[in-house]
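So that you can tell them apart, the chains are marked A, B and C in the order they are listed, and the count of residues begins at 1 in each.
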Amino acid sequence: MTEAATIPAALERYEVVIGLEVHAQLLTRSKMFCPCPADYTGAAPNENTCPVCLGLPGVLPTINRQAVDCTVRTALALHCDIPAFTKFDRKNYFYPDLPKGYQISQYDLPLSVNGHLEFPLGGETVRCGITRVHLEEDTGTMHHAGDVLQSATSSLIDLNRCGVPLMEIVGEPDLRTPEAAREYLVRLRQILMYIGVNDGNLEKGSFRCDANISLRLRGATELGVKVEVKNMNSFRAVQRALESEIERQTGVLDAGGTLMQETRGWVETQGRTISQRSKEQAHDYRYFPEPDLPPLRLDAAFVERVRATLPELPEARARRFLEQYGLTAYDAAVLTDTREDADAYEALVASGVPAKLAANWQSGDVAALANEHRLPLQRSGLGVDGLAGLLRLVDAGTINGPTAKELLAELYVSGGDPEAVVRDRGLAQVSDPSALSALVDAAIAGNPTAAADFRAGKQQALGQLMRAVKDATGGKADMPLLNRLLRERLPEQ
Amino acid sequence: MTPRSITQLAAALRDGSATPRALLADAFRHIERTDQDLHAYLSVTRELAERQADVAAQMLEDQPDAASPLCGIPMALKDVLCVDGIETTAGSKMLRGFKPPYTGTAVQRLFDAGAVCLGKTNCDEFAMGSSTENSAYGPVGNPWDIERVPGGSSGGSAATVAAGSVPYALGTDTGGSIRQPAALSGVVGFKPTYGRVSRYGLIAFASSLDQIGPFTRTVEDSALVYAAIAGHDPRDSTSDPRHVDDPLASLRAGVAGMRLGIPREYLGEGTEPGVRAAVEAAFRVLESQGATLQEVSLPSTDVALSVYYIIAPAECSSNLARYDGVRFGNRVERASLTDMYLQTRGAGFGDEVKRRVMLGTYALSSGYYDAYYRQAQKVRTLVSQEFETVFKQVDAIVCPTSPSVAFPMGSRNDPLSMYMCDVVTLPANLAGVPGISVPCGFVDGLPVGLQVIAPRFEDSRVLRVAHAYEQATSFNTVPSPYASEAA
Amino acid sequence: MTLSRDDVDHVATLARLGLSDAEKDRLLGELEAILGHIARLQQVDTSALAETAQVGDLVNVMRADEPAEPIGAAAALRNAPASDGSYFVVGAIQGTDLDA
């Protein structure tokens, strides 16, 4: 049976319970507890380290204020409560990517608790609780000589990533389908990027997700055995891994078997999860308050100061776009996908470009160019101001659509002032009816067959005639006017 | 003859009767003659010392008046204090050959003042012990009786000052590891308020208790060293930003009119009669100086030992997790990672360290945390509250530093009896209050120490009381047998 | 609370201390004696007491988000028992290495 057939069948009998844990690196300049740069991109192994993140004897951690701010921003965006008192704790375990033998994290008094994330899915609103958002430090990375962990003869340790501020966002087990899990992550990532705390890169691992999933018979009140799934580094992988787990667990349960509480890893190439370790020997992390760091008391004034820096969040902004600019729900969603896009759109409208025109161009040709050149509008040669100038020329009827498209493609990368280019190259469209009329007459005379065909009702024939006139104007004909003139001259019979 | 103090040597450096190089040469000669017996040093840093002596000489020549009193003065550092490029072992096999790539804050402040570092002193492994017998590199002899321990864990620092090799050395005090060896070795040992001296660069034993402080021959010298190393350090989040009073300003203010408390629990049954007699005589000296003495009570003293032996091992079990054979230190190669960890740590740590790591791991482990660690944290609050209550009645506490004088090496094999050594020093660490030990007499030729404890941030008061006592007596001027070799 | 030999084994594993049987036997006795002494802690009424994790009243000690130059790989690796010049090196890792 294929997954597509199994999943709905499984969902009829079993209720799927999914909870997601997201680890997101914060976009600070320095690490969480030491001043090494937080961005280790391109650094040679272990180059981005200091005595503190190496965990050398005698060193002490210091709290990065910006990391605390970022976490509070996130917590507020997710409607969390910010307790007045919070502290760091040590989570003790041995692993070579953890130099101190403990991770500085937060245990019983996290920075924030009790929030939620709401998103639309299939015409309904899904609300997923957020248990907590807390702050900790990332670990180093390991490479296993011999490719796979199981057959490696030695492991190489790089501590460049060690100590990068890491936020853990623990979701409630409120999600019921793999699709909802995926959508939750898409929305969460979007929010983190909107508020500027995370770069949303799943592939690089700056936004990581683990899932807890269990099945129970519909109507059952007790939760099923929970399986933790790891190693998913794309939204697609999350959805596929969860689908595969549902299939596997359904198979076990249907056959009368029992599930084991365990951690499983998603293997992309095999399209399945494999068991990594059982939870029989539960971890004993021996959490205790980090004695090297005094606690934090975040008073209401501090929280309100952070709240004041929060931008309008994507969902609210899309709703406003819908109402304020009369956009379709689709356009509103596309234009608010990133904060930069939404800012660009509002800048276009503010500069006098009609809302609908701006929306069509930005979500169409501009998005395509941004994608093609891997260059967002803001950083393109044209820029938001240049695009606004171009679209104002379109709106005023100074240039026609095809000219605008060509100019946009040309200036997107190289840049330039659209008005000056139009003036210098004489690209303004020919909108004089008498000038166009003469050319229309010439086109009809030169294409008698096409003219006859159109008269006979073949709509396509009009295209040939329009092209002829357009070519005669060097592409600058006012196309809607031309269309009207041709139809006037060639009334259908 | 009595070895010279910092202030005496500073004067000699300024009147031309001494140079940093000459002091250095004297000190090295003395170490060469005595350290075979004492074993106070784990390493001697001759190159560093010569470099620093030359820098100090230049500083003294350029600005003799502006130069710190510590400029050009030889000193030694307990081997738990990190110095860039200098082997730092914490008295453990685990760290043999480890050369930190950085220098800790307190040490750097001394270096900036022109200090001349002669070497790293022997200590109990990772500062865990009260006799320095737990050093992986062998014990330290007490300069008053080479068969006896100098106390610990900073035994090497205490011994080298008592022997007269250097006028001061830094130690660390987690449960008494400066004050107790100072008492047993007949020198001054000062543990400042927790948070006064940065711990950055101090190899951690128990983070919430550790504090760096000096061993000196006089209280004034302790004030000088303290003034140089104290003060806020942004690298240590637990270091206090409050302004540090100049301890020298009030040093000579005396004790007239002061109320001094004697905690009855600190002179309990465990106190040796000779120690009791010496300390009681010291009380009378203070009275004669105009202080009013009264009995006070710190009822949780007994249970404080239990609190300490939960909290310190718990923190140490975590602090010592980094010794895993991966980034530094010794490793026992094994095919699997877990075996490598087990064998590396099994071979690298000594018995006392293992004992405390086991105890601390147990106290933090699932199912025992509430009964042990959490309960200890709560009783720690009680211990602090009792000090606060007492300090509403009196200005400072005076008491013995150690219930006993220096004991023979190998005589305390039972861990519990060794832990009892700290019963009157560790409460100050739990409460974070400052304490000092100053020589107050001898029992059969073995030194006794008087402890002075004051409220948090009243470090100057501790020094002032100790100084008043010292000025009225002359116990600190009696040279140890090894000091007679002083140049 | 009495300590069992299993407890000693378990704690030694948690702490990654490789101990010989003789060491474990000795530690069992010593830890029992110490825990026996410490037991008096349980008699203290702590119902009205807050926990002290650290002395002092410091809160909100934070640093500005200013990056500083790292010390670099050469200095980082200088004390390593095993490295290949770029990385710290350890032996093969098994699935069970993360347990306990």
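Methods note: a contact is a pair of C-beta atoms (placed from the backbone, for glycine too) under 8 Å apart; a residue touches a chain by one contact, two chains touch by 3 or more.
Computed from a predicted model, the values in this text were never measured in an experiment.
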item	value
Chain closest to the middle, measuring from C-alpha centroids that were averaged per chain	C
Contact-richer chain pair [B-C vs A-C]	B-C
Cα-centroid distance, chain A relative to chain B, in whole angstrom	56
Cα-centroid distance, chain B relative to chain C, in whole angstrom	24
Rounded Å distance between chain A and chain C, as computed from the means of their C-alpha atoms	40
Per-residue multi-chain contacts in chain C, two or more chains	14, 16, 53-54, 56, 58, 61, 63, 71, 76, 88, 90-93, 96-97
Residues of chain B whose C-beta touches two or more other chains	98, 101-102, 207-208, 234, 237-238, 317, 321, 324, 326-328, 337, 341, 361, 365
Multi-chain contact sites of chain A, meaning residues that touch two or more partners	51, 54, 62-63, 94, 96, 155, 157, 284, 286, 288, 291, 293-294
Chain B-facing residues of chain A, complex	51, 54-63, 90, 92, 94, 96, 99-102, 155, 157, 282, 284, 286-288, 291-294
Touching residues (chain side chain C, partner chain A) in the complex	14, 16, 53-54, 56, 58-68, 70-73, 76-77, 84, 86-93, 95-100
Chain C-touching residues of chain A, taken from the complex the two chains share	28-30, 35-38, 44-51, 54, 62-68, 87, 93-96, 142-144, 149-150, 152-159, 276-277, 281, 283-284, 286, 288-289, 291, 293-298
Residue ranges of chain C touching chain B (in the complex, touch as defined)	1, 3, 7-8, 10-12, 14-20, 23, 27, 30-31, 33-35, 37-42, 44, 46, 49-56, 58, 61, 63, 71, 75-76, 78-82, 88, 90-94, 96-97
Touching residues (chain side chain B, partner chain C) in the complex	97-99, 101-102, 194-195, 207-208, 234, 237-238, 240, 300, 302-303, 305-307, 309-310, 317, 321, 324-331, 333-347, 349, 354-355, 357-359, 361-362, 365, 368, 371-372, 374-382, 384, 414-416, 419, 430-432, 456
